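One chain, chain A, appears in both complexes that follow, with chain B as partner in the first and chain C in the second.
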Partner chain A sequence: MISLYLPGRTWLHAIPAGWKLIALALVSLTVAPFDSLPLMAGLVLATLALYASLGRAALAQVALLRPMWPLFLILLALHAWNGDVLLGLVVCLRILAMVLLANAVTMTTRMDAMMDAVEPLLRPLALFGVAPRAVALAVALMIRLIPLLFALWESLNESYRARTGRRGGWRLLAPFCIQTLRLSHHTAEALAARGGVPRGSRR
Partner chain B sequence: MSDASLLLDNVTLARGGRTVLDGVSLELPERRVGLIGNNGSGKSSLVRLLNGLLTADAGRVVVHGLDAKEQAAELPRKVGFIFQNPDHQIIFPTVAEEIAFSLEQAGLPRREAAREAVPALARFGREHWAERPVHALSEGEKQFLCIIAVLVMEPAVIVLDEPFSSLDLPTRRRLEALIAGLPQQVVLVAHELDAFAAYERVVWLHEGRVAMDGAPAEVVAAYRVFAESLG
Partner chain C sequence: MKDRSLVQIALYAAIFAVLGLLPRFDLPLAGGVPITAQSMGAMLAGVMLGAWRGALSIVLLLFVVALGAPLLAGGRGGLGVFFSPSVGFIFGWIAAAFVAGLIMQALRRAPVFPAALVASVVGGILVLYAFGIVGMSAMGSLSLLDAAKACLVFIPGDTIKAVLVALVAQTVARGMPEALLSRNA
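Showing the complex of A and B:
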């Protein structure tokens, strides 16, 4: 799921990251055992209402779900094959609601606040010599680079089409990987130029 | 040697089996230094030595009194580095986080760095950028963010490695004006030869050696003649 930070300050921005994550975990645990269609439909509607309360820019992010349609279709088809379309619908609605809720958290939570909330959970990693701060930085970098990777794919696709008139598709995978490595090399250099990954968890 | 100068003493550097710097010696106390030359002449390698991104194979590099080999860990705070492509340089998804990271690298504890990010932006008149996602900034704004992120670390030297490449002319002029006003020593690598008019010194590198070194008017003119002769 591609989630982009929503600029501005909505009421959801103001809630501490830890609370939002706990609420997300509670909701997903609570609804997991139920297969009731009205319950799931209600959950999706409530989630959409939540988006509406955050403003138009938030509602526009619902469009990011478009790539998930094939998954929903496959799930529905599989359940239809098993003779239980209703259950398929319930499963799809549950996934839809959970993805939307998770996205609502990421789009209203700054990366550093999220990492502060998650870092205590990462602390056991220190036993294996992995600095929790380094993991947190890696996640932040990943979120930062996602829009860049999309732009990179688009520019490769454009170059391919400019010379062939066709879409690149899978043929772009190898050059994409190479370009991605180059990008990561540049980013690593820039990180080193500013003193590299902070060691330890100074607060 | 004065303490506020950049010193390269017989520096040699090989990258990927190719000698990119070949016995370069320079003493640069000037506040505005330009570096010109063809692609592959060693400009980018030279400036990377100043920040500790590369280490000389032979010879000595001293940056404002810091030995680049012995005191490499201190260089990133002493020398701010601006790269060609701001997208390669910005590490965090929002502007405030990007600035907070620099403050943290400069030694502030994390919580304080997060608090200080907005006041730091305000010093550059950009506090309204704090919550903006970096991917929503224009190219010029991204480059400006990179510079703010470097300036808040209060370096003594600022190195800019082809910072104008992706900028339109008005944005480039604004950036040049910003650079002109910086109190720090500046080392600028650029192909835009008119950018050096007000500089105190320009060094022309060719195939890893200093081809010419002196006042911008003469060095730029000589390089222009040489470069045109190749074309």
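Showing the complex of A and C:
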């Protein structure tokens, strides 16, 4: 399964997913209104300490933030332009800390545990005729479709290369869409033949 | 919800993810500048599926991303993306797909290419950037004007993507007319 989950048995793995989500929400609400540099720096340090307590593999995941550096630079530059570098620094630190904290939750919670934790939140959807099980089915379908679509793209790319000697790139998009829609028709038929999507009323 | 709708919602969510994970396209129009194809996903979902299904497919994608799947461009995912300055764009995709679908349905009688182009530009650029700029300004403590400056660099690339989506919609309409669900809904 593709996931950002890090298998392990740290103390954070042991905490139930629901509690971690509540804690994350509380921290994000608490730090949002403050613009104090020492507070934000402390938060980042505390978050890094949290990562360190989870072991080396967790600490290596900090590198996942690399794509965000250009954004931090732009934010800092814009704030410097307005003559308030300090505020820019505070903002960047706050974002850094929150992204790291949120990733820590993702890293230590299996996807199915996360799904179970949010399931109660999906229950009101039954009022609109959407069964939580239909949501679970859609999630499973989507995850299953991704490798299939990759294989489809690869085969289209290969035939294109056989004909022209070049990579297909964006030219493959239209045939790709047509092929995937054909695939979805078959999937829908197979689903209907097996009793269809779970309804809101019966469980 | 019908079986076909559910499968198509899942399909476009998956296409959105695959577009982000594919190697980058080199667009001839952009002078060989590599761009990720992912932001086409929202336009594509709206144009192909119509307003509600298009928006729901993005909701599904974001739900799975929040559960911990690294499905956004560059392998990003998990709860962290919802705390980054680009969170406005992430939620903006839902509105983008919805508006693009709405326009596509309203222009049902118009030829496909111009209709899809208008839908992609209004939904995938105007609406998306409105959300993106507000999000950037809130997360980065920037004024709306400054946030807009930080976002504007991406508009040329997104314009090319809107043209591409319109081309794809036109080709699909020729090759498999019933696939353009926004038209026969």
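In this text, the second predicted complex is superposed on the first by the 130 of 203 C-alpha atoms of A that agree within 3 Å, B and C clash if a C-alpha of one lies under 4 Å from a C-alpha of the other, contacts with A are read in each partner's own complex, and residues count from 1 in each chain.
As a working rule, a contact is a pair of C-beta atoms (placed from the backbone, for glycine too) under 8 Å apart; a residue touches a chain by one contact, two chains touch by 3 or more.
Only a predicted model underlies this, so the values are computations on that prediction, with no experimental measurement involved.
Engineer: For A:Leu54, select first, second, both or neither according to whether it touches chain B, chain C, the two together, or no partner.
Structural biologist: Neither partner.
Engineer: Name the contact category of A:Leu191: first (chain B only), second (chain C only), both, or neither.
Structural biologist: both
Engineer: Spot which of chain B and chain C makes contact with more residues of chain A, would you?
Structural biologist: Counted on chain A, the partner with more touching residues turns out to be C.
Engineer: Tell me the contact category for A:Met111 with respect to chain B and chain C: first, second, both or neither.
Structural biologist: both
Engineer: First (chain B), second (chain C), both or neither: which does A:Arg9 touch?
Structural biologist: Once the two structures are laid over each other on A, A:Arg9 reaches chain B alone.
Engineer: Does the superposition put A:Leu141 against chain B (first), chain C (second), both, or neither?
Structural biologist: After superposition on chain A, A:Leu141 lies in contact with both partners, chain B and chain C.
Engineer: Answer with first, second, both or neither: which of chain B and chain C does A:Leu183 touch in the superposed model?
Structural biologist: Both partners.
Engineer: Which chain A residues contact chain B in one complex and chain C in the other?
Structural biologist: On chain A, the residues that contact chain B in one structure and chain C in the other are 4-5, 110-111, 137, 141, 143, 183, 187, 191-192, 196.
Engineer: What residues on chain B touch chain A, complex-wise?
Structural biologist: Touch residues, chain B against chain A: 51-53, 76-77, 81, 83, 85, 87-94, 96-97, 100-102, 104-105, 109-111, 114, 131-136, 149-150, 153.
Engineer: For chain A, which residues are in contact with chain B within the complex?
Structural biologist: By the definition above, chain A touches chain B via 4-5, 7-9, 110-112, 137, 140-141, 143-144, 147-148, 183, 186-187, 189-196, 198, 202-203.
Engineer: Enumerate the contact residues on chain A facing chain C in the complex.
Structural biologist: It comes out as residues 2-5, 24, 28, 35, 64, 67-68, 71, 74-75, 78-79, 81-82, 87, 90-91, 95, 98-103, 105-107, 109-111, 114-115, 118, 129-130, 134-135, 137-139, 141-143, 145-146, 149-150, 153, 169-170, 173-175, 177-178, 180-185, 187-188, 191-192, 196-197.
Engineer: Report the residues of chain C in contact with chain A in the complex, numbered from low to high.
Structural biologist: Residues 1-4, 6-11, 13-15, 17-18, 21-22, 25-27, 37, 44, 48, 60-61, 63-64, 66-71, 74-86, 139-143, 146, 149-150, 164, 167-168, 171-172, 175-176, 179.
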